[in-house]
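A, B, C and D label the chains in the order they appear, each numbered from 1.
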Amino acid sequence: MGPLTLVQVTPLQGYLLLAAVLFAIGLAGALTRRNAILVLIGIELMLNAANLNLIAFWRYGPHPEALTGMMFAIFSIAVAAAEAAVGLGLVIHIYRFTHTTDLDQINRMKG
Amino acid sequence: MIKNADQIFVLLQHWVMSFFPTALQPIVGVLLAVVSIICVFPALFAIAVLMERKGLGRMQNRYGPNRVGPLGILQPVADGLKSLTKEDIVPTSADAVVHFLAPVFLVVVVFMGYAVLPMGRNMTLVNLDAGLLFFFAMGASTELSVFMAGWSSRNKYSLLGAMRAVAQMISYEVPLLLSSLVVVMMSGSMNLGRIVAVQNQYSWGLPHWYIFTPWGFAAFLLYATATTAESNRSPFDLPEGESELVAGYFTEYSGFKFALFFLGEYVGMLSVSGLGTTLFLGGWSAPFSFLTWVPSWIWFFGKVMLSICVFIWLRGTLPRLRQDQLMNFAWKFVVPLSLINLFVAGLWRFMGDGFARWGVCSAILLIAYVGMAKVGMQKKHFGPRSYRYAE
Amino acid sequence: MTIVFYLIAAITVAGALAAMLLKNTVHCALALTVAFAGLAIQFLELDAQFAGFAQILVYIGAVAILIVFAILLTRGSETPKDGVFSKSWLAGLVIAALVFAVLGWAVLNSTSVLPGETAKPAVSVLQIGNALIGRYVLPLEIVAVLLTSALIGAVIVARQEKGSAK
Amino acid sequence: MQETISFTPQVGTSGIAQMLCLIPAVPVVASGVIALLKQPMRKTAATLAVGSLSFSLLLSLFAFAHVVSGWSHGHAVREVVNFTWIHVGATNVDLGCVLDPLSAVMLVMVCFVGLLIFIYSTGYMVHDENCTRFFCFMSLFAGAMLGVVIANSLLLLFMGWELVGLTSYLLIGFWYQKPSAAAAAKKAFLTTRVGDVFFLLGMVWLASGTGTLLFYNNGGGSMEAGALASLLGQHACWGLTAAGAIGLLIFAGAAGKSGQFPLHVWLPDAMEGPTPVSALIHAATMVAAGVYLIARVYPLMAAGSLLGGTTTALTVVTWVGAFTAVFAALIAVAQDDIKRILAYSTVSQLGYMMAGLGMGGVAVGMFHLITHAFFKALLFMGAGSVIHGCHDEQNIRKMGGLKADMPLTFVTYAAGMLALCGVPIFAGFWSKDGILEAGSHWSVSKGPVALLIFGALLTAFYMTRQVAYVFFGHWRGHKPAHESSAVMTIPLVILAIFACVLGLFGTPAWPWFQSFLGGRATPVEFRALLEPNVLLVSGVSVFVVLLGIVLAWWLYGDKSPKPDQPDVLQKAVPMPWAWLRNRLYVDEFYGVTFIAFYAWWARIADWLDRRVWGGAVSGVAVAFRGWAQVNRLLDTHVVDGTFDKGCEELSTGGGLLSRIQNGQIQAYLRWLALAVVVLAAILIWSSRA
């Protein structure tokens, strides 16, 4: 991350930027990849980026002892896990019917 | 003096660190500890292999390996040399990178597990506050390496073996965590050192080990089954069941990578039994109050080797479980029992001292044990065998 | 900013990029685990041990395996014949870039607002436990219910219909 | 010398007065029933017609008796039965019947003569297949005529008047197959129509002037003093008072119907109808209706005249009457058709009556009308039997010597001819003499008397010429004539008797008729005959008549010239003869003036209609078509354009929108991310201050 060293950046901003990068990558993946599972992976990445944000703000936030950031991250991890499970379950189910995980072909919900 | 014996390794470490500039000292200290672990536990691995082969032999009324060195003591050295010199065959269609990374990742992850084990008084590499959680995190990662191994070798049998292994390890991870959770609940901390310190108290000469409490004993048994399954040993060694799946997920491995897998498995077994000792058998605490003079780490390693014997013993006696029986056993017997055990522990905690709580807890546990056996373990009546062919 | 941060950040970003760009889906999943590991280390860097270890346990231990399982069950492991990326990949990229631009711009321009260097918070698992049972007991219960229902839901959704030997 | 007749105010209506309206009703009903009969039922039709008229005759006789008895008891009888016909808002239109000496006399005359003609026509029309239709029209005509007679309201009179006009048209055109008959019927109808228009104008003026159309209404009627006074007050034009003007207008109507000078052209052509028709209509009744009308309206015309004096209206009537008398007589001299001669003689005699009314008052005119009705009917029926006998031959030059073959007809015809000429003791002499005598007293001028005397001469001349041609000489026709049957000759005999006897009722010595009409007692004094003026007048008239007969006999006598030989007079005075032959070119004159004008005006109207109105209508049509064109253009381009275009836009828009929902999850995600970016940008941008 060349530019960062040039610009005087506080540690928090570093983490936020990292989170932003990760989020962007996750979003790009989710938007571009054809395979449904990879979209889910992209979403997982975006969630993790959010967690990183939370923890960063908690760490450099005014009241770290309040543990809000940490708690939020933990709960977010739990929910993300549940979401991943259900998401993958759905993908498998769709595969069972359409024999494909290619999102471009799964468009039965067309308007 | 006794104290010095007990802390000999710590003193050695400090002594060596003293040769280095202060800036580097923490790093040197850590390095020393790591090096020591990396040396000690493979040695223990060799001993364990020897004991297993000799023990099994004895159980099966035959001598174990006695050709290499006196009484076959050098057999592990011979195996090591053999595996090092054997040609490392990688199947062409295999996914080279993942194929190579699998054993490496396995070994690294397992050895990281040792960072938190208290091998003796003051002899824990990293005294983490959430040490237990770290250990389980590392334990969970082994499944990924197993899968990588199975998948990368592009072999139907290895893939099937890997899938079975992963399914089994995930299923038994839940009871593993739940049983250790009981200890955390009672000891009030996830720091292993703290847990050992809590057990290191003696009343009437008997240590406060958790195993001597009804819920502790139940938890230890559940822990034992879970760990045997986690490390794919004995009744649960279906993944590399030689008779059906050749060698499970490491069939395509040969030479040093195969040795690494072997090392990983045994070291995993050692670490898990080490955790078992710290959680239930009081870690480095002496069995009796009068034996506390003996250096703590002896006790730790003694208990670990004892557990290994039990593992070997189990391997020699119990028949292999079928995959569905195995899963059934996990989800319909072990997990419910551990949940009930949690409940009992809670009950234990709030019933205050006295025999009442002994009676109630042990009664509940026995009833649960018998009930679960009845409900969970019904013989599954199978209809006519239905064949499923791959599309 | 410590060297470690840069190193780990680089590893994480590389992992994430690989997860998104690799052709073989299983490789993507593995790259994803690398990214997860990188993030866990970042959490540790931020002195959030519990979160880091939870991240490792949950993501690397469970989610990664789950994803891999899903890939194998849906035959995703074979490389798809026609292109890995969907037809309108450029739009996705552009939009992602836009999002990053907005976020980055917001971060860089809010230096005045964000708090600077602060002391290392000493957080013990005990405190976390108390917080969970104390202040955050309601979210805890709700997450418990959520996880149970997700468990059951996922099983039902992905379960093989009885008798259909598909 | 007219005197105001004073009538005792009506107390109650006697029985007969009530039944008065039955008299016209019965013949009309009979005609209705006959109309329903089938063609071959001639016998029943005839009996019905004759029966109904005889019933009316009976009633008339009762009425006449009632009036006479009343008169004989010294009070003149006038009974009026009025009823409201239409009630419109404030005004109501009243009709009514009146029974007074004038109407009684007319009733009896019309019924009696009508009955005789009906009996005559049963014999005459028996061979005609349309006999039922004939009797239907005849009884309808009789009913209408009786209606005119008893009418107390000018409106009811006018209705009867029109009905009579209609039936005359139908009867003249009875043999409609003959084009000349049809043309004659049309001509008659149209010319009387012209007269009726003036009649209507007069009626309307009278109604607006006096407020009522009733003649006598216990003092309120238009002919009574009150109304007359009001009319006198209004001044019309050319020195005429309103009353005079209305009277002249009504006279124009009467002139049309009675064939006076300007409108007489239709009467000679009316001979195309069967002879009984001519007899009934063109001799006795219809033509008399005009004179009766003037008699009925006499108080109106005579209003404002000093005692013995006269009004301009009456002067006009007299001059027109006198001129018509001479004019018609001249033409009659040169005619060959037996019925046409009689027609022109009727016209001249009507002229005499009008002159009599104008100069002598109601009684003088009416007496001549009654007597003329009898002998003219006789002459016409005589001509009818002659024609019947000569197998429908009408030209007198082809007949001759019939006095031997048809002796009875000859005798009755001779009596009629003598009465018509005015030979003493015959009816004609007394009534014509009365007119001449009145003329001599006429204060305005002696011209009309002179004309009338010359007329008398001409009458005597052409009648003897006709008799000479028809009855004397020898038979020039190709088939021998034969006497008519009894049913035709009996009426002739009866009428002949009346022709002789009737005159005696009105002689100066015993003026019964005049006093009856006047409502005075009738003293009998032979000395009146010997008054110097009376003697002078009668002497002159006798001389003139004899002169005429001798002259005619001298010219035509028993010579019976060849049919193709020119007439004696023709040889003598060819130029005037030709003029007279062609009826003094009156028809042609009309053809050239009125008809030409009318044709020209029709052409203008046609051009106007086709070009102007047609043009306007087609213009409107074109405008509409143009507007429709514009509408179509508007519709297709503007409305369709916008509306359809709008719908298309909508659907494409819809399409666009639906395309967004394309089922691609990633597309949704893209939109989502984009939205996030935009919102974030907005948020940042807005909070940067």
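Everything that follows uses one rule, which is that a contact is a pair of C-beta atoms (placed from the backbone, for glycine too) under 8 Å apart; a residue touches a chain by one contact, two chains touch by 3 or more.
All of these numbers come straight from a predicted model, not from anything done at the bench.
> Hey, which chain is the most central one here, using CA centres?
Of the chains present, the most centrally placed is A.
> Could you put a whole-Å number on the gap between the CA centroids of subunit A and subunit B?
34
> Between subunit A and subunit C, tell me the centre distance in angstrom, where each centre is the average of that chain's C-alpha atoms.
Centre-to-centre distance between subunit A and subunit C: 5 Å.
> Round to the nearest whole Å and give the separation of the Cα centres of subunit B and subunit D.
One centre to the other, that is 150 Å.
> Taking each chain's centre as the mean of its CA atoms, how far is subunit C from subunit D in angstrom?
Distance between chain centres, rounded to whole Å: 126 Å.
> Could you say which residues in subunit A touch two or more other chains, in rising order?
Each of 27, 30-32, 36, 103-104 in subunit A touches at least two other chains.
> If a residue has to touch 2 or more other chains to count, which residues of subunit C qualify?
Those would be 50, 54, 62, 69, 86, 91-92, 95-96, 99, 103.
> Mark out which residues of subunit D touch at least two other chains, giving numbers and ranges.
Correct list: 664, 666, 670, 673.
> Could you list each pair of chains that touch, in label order?
A-C, A-D, B-C, C-D
> Would you pull the subunit C residues touching subunit B in the complex into a rising list?
Those residues of subunit C that touch subunit B are 24, 26-27, 30, 33, 49-50, 53-54, 56-57, 60-62, 64-65, 68-69, 72, 77, 124-126, 165.
> Quick one: in the complex, what on subunit B touches subunit C?
95, 98, 128-130, 133-134, 136-138, 140-141, 143-144, 147-148, 151, 159, 163, 166, 170, 173, 188-191, 386, 388
> Considering the complex alone, what residue numbers of subunit C touch subunit D?
Listed in rising order, the residues are 86, 88, 91-92, 95-96, 98-99, 102-103, 105-106, 109.
> Note which residues of subunit A are touching subunit D in the complex, please.
Spelled out, the residues of subunit A in touch with subunit D are 27, 30-32, 36, 39, 103-104, 106-111.
> Report the residues of subunit C in contact with subunit A in the complex, numbered from low to high.
Interface residues on subunit C, with respect to subunit A: 1, 5-6, 9-10, 12-13, 16-17, 19-20, 25, 28-29, 32, 35-36, 39, 42-43, 46-48, 50-51, 54-55, 58-59, 62-63, 66-67, 69-71, 73-76, 80, 83-87, 89, 91-93, 95-97, 99-100, 103-104, 107-108, 111, 114-118, 121, 123, 127-128, 131-132, 135-136, 139, 143, 146-147, 150-151, 153-155, 157-158, 166.
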